[in-house]
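The next part holds the structures, each set out as structure tokens.
Here come two complexes built around chain A, the first alongside chain B, the second alongside chain C.
Moving on, here comes the complex of A and B:
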């Protein structure tokens, strides 16, 4: 049996970034990934770096919006983390942080935008409210129908295809041992250790990090834990390449939409439109199955894109893909040590492309005893009641 | 056009036509969708009506296919939906399928209780240094010019590869007034003859299928077109377009090249629908897995013709007959016994064709004959990915992971062309895990955003 200080399950962005931070700090790290590195949500996402309050937090009541605003401290850290990332990893990740616009098309949406900007400013996020003309001066691709936009200079996007691989390479270079195509098949807590089985190996580790995205509840179940993370399937679209037309991250306050242009020139269009999750033979949702595209999602997403930036109407769609990510019971991420199982850490849910590098850094810090008050709001402690009957 | 059909057949080639004809007169609402304006499929690719082509598809082997085409065109109760591409298909709210179809009037949704995919095959794209220069075509690309418009896309054409079909295409070029500088077979003549001899019985029985190749040889000899064996292309040279081909033996001046290494099934739609696939022919690709009535693993979805494996037009036609009859069973129109006896002739005919197809497959086998790829040789031409980008990624990861890391397969063609090359590279690098290739994604053909968007 091999020993490690920390065993990480999941080779997505969160797992690989955590491995890098821990290995850099001198820990003996083993990371185990079921498939290939970065092929889960971390390789399927839209690559948005969004720090304005997300639309999903604004349409579910004041209480949620207020709670979400309290994650602003995490957002501020994430902005700094992303600005440093390419230098720290020594890799070209196509990080573009030239600003993001969250647009409004109706008077009602403008009002939501105004409240949102006030809330963000109170938390130290410097969003500015622009009128339609100001927004179009900044981003001429926007439709005349855009009445206002929240502008945050720190937003942007990065290449989701390369970020996770860069973290993995840096982790390996710092001495972490990464195992691809090695699904974890058993996990148990034995006294103060964890024993994790994959392929023909068993690793005994002091600490365990479950960073397996939508699969996290499945891994938690092996340890007799509940974790209220749920798989969701989303659709993304890519157009053919075109000349530079969109420099910013573009989102919509009242419709599901995110748009950006990649380094190669494709325009990526998403924004949280659902696909249909696959199910396993017993009828349970299967995060590993290929989700089924929902034509109405596709049609609605493209309509929102055209209404926002009309020039895309005549571009060719070359690919629509689906990806599976995790949301938590209260929509906020779940990151931290599980109170009823000391040594077991989870990190899942939320927009963990944007926030993943920060979650990873803070978890690594917390493990060596550095205070990380920013993580309090996302701690799994808030769901401990679910584990009070788990023995 | 109806909004809902009992059966939609995708593909109006020999297989699709035969299936439709097997079901004609049963009262089913049947729609046949094809990208081509007119029925015929790959083998009977018809010239557009505006072009009048004098000598379109004469010859004995075509006779039964032409006869079927005429029957199909005369059939009643079958909606011909030409000039439309199927972009995708998905289960439709628990009942049948919804097909997303693009045509001249934009994108429409066509619903069907059952769907038969008869989408045929395509040329295997084979990279070699210089293959992205203008003037380099697949054999099928050249044939499409010659067949449908009687245009020869060059003044001096070289055909190169392993598939005997290149003899036919060379002959078609010559017959249309073009010049063929040479036909190069990578394999040795001795090997081909030995393989033929080994199958002597089958070959003799199928002599009629080989007839066109014999006639083609004679025509090429008459025009003094050199046909050489054991000679492979090494590089294609030229500044802005093809100027010559360098082979293992010599350099041949030319202004167009047709590469002919075989065919792979069209697999975008069955894979998108989640049907089980099996490895295609020796040339590569994926065939749709089917039962004896051409049912796929997805309920209500059928596949026939070369989508299920490349075996020639005659075999595709028999498959269509069997599939159509099988669909009649599933609609409750005929008992399985009755159906079995109805297709017994088609089945025995098919068995013969498959023997011949196997022989052809053996002779045409490109494995071991693929040209060498240099570091700078483009593997994925849509995204301009050279082999040097891919090589360091061949560390055991999957085709999908290589795609994500390199962009190979991320372009307009959705990897249709580079996937077989990448899978060969993966196999050559010692990857042993089973690899199902790229995950098939919507749309099967590029389509304008405005055509797909919800109404304002």
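Moving on, here comes the complex of A and C:
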């Protein structure tokens, strides 16, 4: 049996970044990944760095919008984390933070945008409300149909396929031990330790980090814990390469849309359109199965893109892909130590590309006893009632 | 790049690539003509030479423009036809 200070399950962005921070601080870290580094949601997402309130938080009532606005402190930290990431990791991750526009096409959407901008400003996020012409001056690709836009200078995008790998390399260089193709075969809590089996090994660690996306609740179940994270299958699209046309991250306040141009020139189009989750023989959702594309999602996503930036219509779509992430019961991420099982940390539940580097840094800080009040709002403590009879 | 030994071809015809008249043989794709012209078919964003990649219609990195109408097609899947005019931009 091997001993470690921290065992991390999940070789995604959060797992690898947490491994890096902890290993840099001198901890003995073992990370296990069922597949390959960054092959899950960390590498499948479209790489948005979005710090304006997400559309999904604005269409389910005032209470949720207000609660989501409380994550502004995390967003402010994440902006700083992303700005220094390439330097810290010594890697070219195609981080572009030239600003983001969240557009509105109808008077009703403009009203939602106005409330959103006011909410953000109250939380210290400096979104500016632009009218249609101001938005088009900034981003000439926008349609004449755009009536207004929220502009946040810190938004942007990065190459999702490079970021996790860079964290993994940095973690390994700092002494973390990373094991890919190593599914967890057993997980148990023995007194104050965790024993995690994978391949032919068993590792005993004082602390366990479960950062495996849609698999996090499955790992929690192995420890007799409930974690209200649900798998979600999304689809994303890429056009052929073209000359520089979109410099910003573009989102829509009333429709599902995120759009950006990669370093190579492709336009990536996403925004939360569903694919169909696979199911296992018993009928339960199977995050390991390949999701099936939903044609109506593809059509709807491209329509939203073309209505927002008409030139997209002239481009060929070269790829549509699916990915599996997880959403929590209340839509906010779940990040932190599980109160009823001290030593067991979880991190998952969406926005974990944009906020992932920050989640990782704060968790690593919290583990060495530095206060991290920014994590309070996303703590798993809010779901402890589910574990009243568990553990 | 064409195999020349012990190969019989039908009579060539011409296509135009970036203003340059090139021979093509019946049955060849546009990609075959491009490779014969130069292994470099474009440039990456950083300016490095870029060649054909998957050669089987998957990566879509070999898209060329059919002139004058401007339609974009994958060179590796599209047959060369007499009189075709192609832009690489």
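Note that in this section the second predicted complex is superposed on the first by the 390 of 391 C-alpha atoms of A that agree within 3 Å, B and C clash if a C-alpha of one lies under 4 Å from a C-alpha of the other, contacts with A are read in each partner's own complex, and residues count from 1 in each chain.
The rule we apply is simple: a contact is a pair of C-beta atoms (placed from the backbone, for glycine too) under 8 Å apart; a residue touches a chain by one contact, two chains touch by 3 or more.
None of these values were measured; they are calculated from a predicted model.
Steric overlap between chain B and chain C is present once the structures are superposed on chain A. Contacts of A:290 after superposition: chain B is touched, whereas chain C is not reached. Residue contacts after overlaying the shared chain place A:147 against neither chain B nor chain C.
By the touch criterion defined above, A:240 lies against chain B and chain C together after alignment on the C-alpha atoms of chain A.
By the document's definition of touching, of the two partners only chain B reaches A:320; chain C does not.
Counting residues of chain A touched by each partner, chain B versus chain C, the larger count belongs to B. Within the superposed three-chain model, A:377 lies out of touch with both chain B and chain C [touch as defined at top]. When the shared chain is aligned, no partner comes close enough to touch A:73: not chain B, not chain C. By the touch criterion defined above, A:223 reaches neither chain B nor chain C.
With both structures placed on the common chain, the touch criterion links A:138 to neither chain B nor chain C. When the two complexes are overlaid on their common chain A, residue A:263 makes contact with chain C while staying clear of chain B. Taken together, the two complexes place residues 240, 264, 316, 318-319 of chain A in contact with chain B and also with chain C.
Within the complex formed with chain A, the chain C residues making contact are 44-45, 59-61, 63, 72. Of all residues in chain A, those touching chain B in their complex are 35-39, 43, 161-162, 165, 180-181, 238-240, 264, 290, 292-293, 295-296, 298-300, 302-303, 305-307, 312-321. Against chain C, the residues of chain A that register as touching in their complex are 240-241, 263-265, 316, 318-319. Chain contact summary for the complex, chain B toward chain A: residues 88, 90-91, 98, 100, 109, 274, 383, 396-398, 400-401, 404-405, 407, 410-412, 414, 433, 439, 441-443, 446-450, 452-456.
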